[in-house]
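Below, chain A partners chain B and then partners chain C, in two separate complexes.
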Partner chain A sequence: MSDTTAHVGSPRYSAFNVIAGIILALGLVVTVLRFSGGLSSVTNLDDYNPWGIWIGFDLMVGVALAAGGYVTSAAVYIFGMKKFHSAVRPAVLTGFLGYTLVVIALHYDVGRPWRLPYPFIMQQGTTSLLFEVAACVALYLTVLFLEFSPAALEWLGLERARNWAVKLTLVLTIFGVILSTLHQSSLGALFLIAPSKLHPLWYSPFIPLYFFVSSVIAGLSMVICESSMSYKYFKDKMDDTHMKEKESVTLGFGKAASLVLAGYFVIKVIGIASDNNWSLLATGYGAWYLVELLGFVALPCFLYAVGVREKNITLIKWTAAWTVLGIVVNRLNVSWIAFNYHLPSSERYFPHIAEIVISIFLVTVGILIFRYIVTRMPILYEDPDYPQH
Partner chain B sequence: MSISRRQFLGWLGAAGTAGAGAAVGKKAHAAASKRFEGYPDSDGVLFDSTRCIGCRKCEEGCQKVNELPEPDRPFDDLTVLEIKRRTRAGVYTVVNKYDTGENGKGTVFRKIQCNHCLEPACASACFVAAFTKTPTGAVTYDESVCVGCRYCMIACPFEIPTYEYDQPLTPKIEKCTMCYPRITQGLLPGCVEICPVEALSFGKRKDLLREARDRIQKHPKRYVDHIYGEKEMGGTNWLYLSGVEFEKMGMREDLGTTSAPELTHGALSIVPMVVGLWPVLLTGVYAINKRKEKINREEKERAVAEALGKANAEAQAKLSQTMEKAENDKKTEIDTAVKKALEEAAKKESDDKETS
Partner chain C sequence: MKTRIIRSTDQMEKTMEIHTLHDFFSHTKGIIYILIIAILIGMTVFWKFLTGGDED
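Let's turn to the complex of A and B:
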């Protein structure tokens, strides 16, 4: 697409655009291979390891990191934190794109993607937690689409439709929180059925709760990251309100993240205690578990607190990035590293390069669409014709 | 009056039985907290590893009756037993060899195939309900609805279901069906029929359990005192006897007796609770904030009004004061003017008087 006017300070052949172009080309090649040769031609999946990084990263991590949408809209519209209002639209956009990419990724992973609606229209496997995940993700994608629509409708100049969409805000926000609570937790609950395959340090009856609480952490941290990235690359698109509120968003969300991380740390420790898994901490997996618990939960909890206390925006931003990495580590631990821990290393899974290509490809597509939208639609600024109520 | 106590209790009993009857449906009892002991009179297979000689005939029988692809190496090539194999696309069953190192028992063989759980994890996990626990005991799979998500493979504790990874657009799950089409016609499963040493016995599960106990009792030295599959993961229709610890034949003994649906029913049961309570909680929080905002606004308005009122009153007072002063001044002025006029008039009068 002609992108010349889109990105100020970035000519058509900037390093970013060239690299993105290469990734897109590679992604398309793998796409053709996947749909002509089957999963075995582009993945290292096998009968012992039916889920790879397309589920572990693209689905599990993708959904967690897209939690910013419900967290931010709940904070502003339900908990009445109006000073974060300018963060809602970018967060909802990030969430909407995140979920869209999750669904696209699923089309690569499942055998017959056109049958993805089957659980709703053919036979309902209501005993499956995957049914719950599918139902909630489908509904929540619709909710995010509607939550995002005012920005698009303002851009298109469809005032009446836009005003209708805005009226739905509160209902959509409540609906979004319910659906997110359910499917964020259910993604963890997917593993409840396999206690013999997931390492006991990660397997817990509380795993749905862990997934839900950590999705709040992921959402808060992603908003901070996204806001600082947007400031770096789309500063010219931000209006005065956004600029003014930006710092309070970082401080406020940093504070919230620190608190939720503290709670998360406590319930994780309670989980170890209730299963009496202390002795497992002394094993190799235990060491890795401690890296996750201390390095990616306790440490960012502390750093966020310090950053907020000293109003150190830089520290908060880096802590947010570290926390996001921690969420990636956690989801990959559950779905990959600690899954099938009982198998000998020759039967374990390691992603094929083509699997990694598709994951990077989808992230790149997400960034490009994000760029396309924020440079055109009123995301980082208010449309002067449509002042916020 | 007309209903006797006995009659009433009889009705209750009938209702109870009817309820239980209705509950024995076509699908597995997933997500129910009640324990499902298996369909009464369901079939099963007993595998006695002390009898198995590792001839791979069962693999051959399976391939023939299910019209599966020809094997990479012929079934009479026993060197494949040297490598550990598992079920895979096109292969419903394999026999593996294990060197146990136990004196007198040495090398043992184990046949691997679907165990046909009483409450199958695959059926519980499938979000299109493609798996069915049939009253015969066999767990069957319906390819026509399968999306290919492979969650059944994640869920299965015995690592049985396999997937056609090389099919780009029409991959399906494959696993042993206990020869469902054959057993419903009164035929034996392919593997059972071909076994030359009666290491496999087909029959009603409850009869097989009795038979297995009988063998253990008669030959306590030959067998370990455990029937694998009686309770594992809630019980399976395929049962195993062994002369060595099952662990030594690669069978997990740490699976526990909890069936797959029991593992997930807690999480599933919370769903409607969240749907019911979250809107109340969230609307409540919203209402509290709305009210707080309203009170804030009202307080602000009142404060402003008060301040305005006070300022007004002060201004009023000042005004009236000024007015009063002005009036007084004016009065004094008038008085002075009148006085002066009077004085002048008086003076003029006296002047006139003087001149006249």
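Let's turn to the complex of A and C:
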């Protein structure tokens, strides 16, 4: 199969491949500059702004958008929604690649990659939220690797190992949900230490809850986006089961996303009320906050509901893309736009072009690896030699 | 209670007569309780709307 699928999707010198090649080349140059010249050579980070888009986008957004893995696995294996089974492998693969790229992005920000295991071996630091995030991400990346492994083992023809990996599915799913609940919320909890730096409309004692609930929305929306993109570009790789279940996955996940968005909207409004921040809505930051709350939460909630009611798959797909953009906006608001809001504009952070290059580079690497795996391994189709689990 | 727009904490305290933590919680919790009633009704209506297209 690999011979026939080596160049599936596009010819070798297609526009996508050429652009991807240029991005990879630029990314590699910046990588050399970053690890030879340090952070100051390629970033605008300073003591006021120690976290830039490598954390705000690559990590915060990356972890949220990779939530489709635990959301889909939980729906199918814990809540018994077997009709969504065909969405599990693509979602787990997206999650696995997402978390892998998050860890790689962390190397760019932290530097000295050989020190990555230090939280576990050099000191315990168990009172730090960062330790909890590090532990959960490390463990969950392992869980995602094991959840993904049956597809790779089927591709390699290692039947016994594959059967063992399949037996672990339920345990891994439960473990994945627990770890995701912990670290998705902890990423929000990191900002609890900075009440004077984060604008009051985004700062809230409920911020861990906001991050967790919005990660569920991100996961559901990403599965819809990924499903629609897979159908567009890898239709020839999809079997009948995937084709048949595609519509029910979109409708089911759209319905769930609408409901969770409604809940998210409610807790955000209660957050404003509990901190008595109503007056701040009349300010410039308040207007931007309303754009996020009404434009990227209330609007997609309504559009998802209309799409589900009318079984309008196109509307649901576009709403999913809009919602994913909303998650990006939210994470960038918290980590960048509303952070250090009181500083004069001369002291505010704006990413260096090299930071942006690395972020685009990592997203491109993710897309290329996804394409490589999907065109070779049984992700969008079921291997006839291995029964459904 | 006056209805003009409040632009600072001092102004807020004068307008709503919030002097103590108790005042603050009485005010915010009062609003939250009203919101919760609205949310309970709103979510029921929304659920009916969301599931309105179901065949069964």
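Note that the second predicted complex is superposed on the first by the 379 of 389 C-alpha atoms of A that agree within 3 Å, B and C clash if a C-alpha of one lies under 4 Å from a C-alpha of the other, contacts with A are read in each partner's own complex, and residues count from 1 in each chain.
FYI, a contact is a pair of C-beta atoms (placed from the backbone, for glycine too) under 8 Å apart; a residue touches a chain by one contact, two chains touch by 3 or more.
Just so it is clear, the model here is predicted, and its values are computed rather than measured.
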Output check: A:239 vs chain B and chain C. Expected answer is one of first, second, both, neither. What do you get?
neither
For A:115, decide between first (touching chain B), second (touching chain C), both and neither.
first
Residues of chain A touched: more by chain B or chain C?
B
Would you check which partner chain A:259 touches, where first means chain B only, second means chain C only, and both and neither mean what they say?
second
In the overlay, answer first, second, both or neither for which of chain B and chain C A:282 touches.
second
How about chain A: which of its residues touch chain B in the complex?
34-41, 43, 45-48, 50-51, 74, 77-80, 109-112, 115-116, 118-119, 122-132, 134, 170, 173-174, 177-178, 181-182, 185-186, 189-197, 205, 208, 342
In the complex, go through chain B and note every residue touching chain A.
27-28, 30-31, 86-89, 121, 123-130, 145-151, 153-155, 157, 159, 161-172, 252, 254-256, 260-261, 263-264, 266-268, 270-271, 274-275, 278-279, 282-283, 285-286, 289-290, 292-293
Quick check on the complex: what are the chain C residues that touch chain A?
5-7, 12, 24, 27-28, 31-32, 35-36, 39, 43, 46-47, 49-50, 52-53
The chain A residues in contact with chain C across the complex are 255, 258-259, 262, 266, 269-270, 273-276, 278-279, 282, 305, 308-311
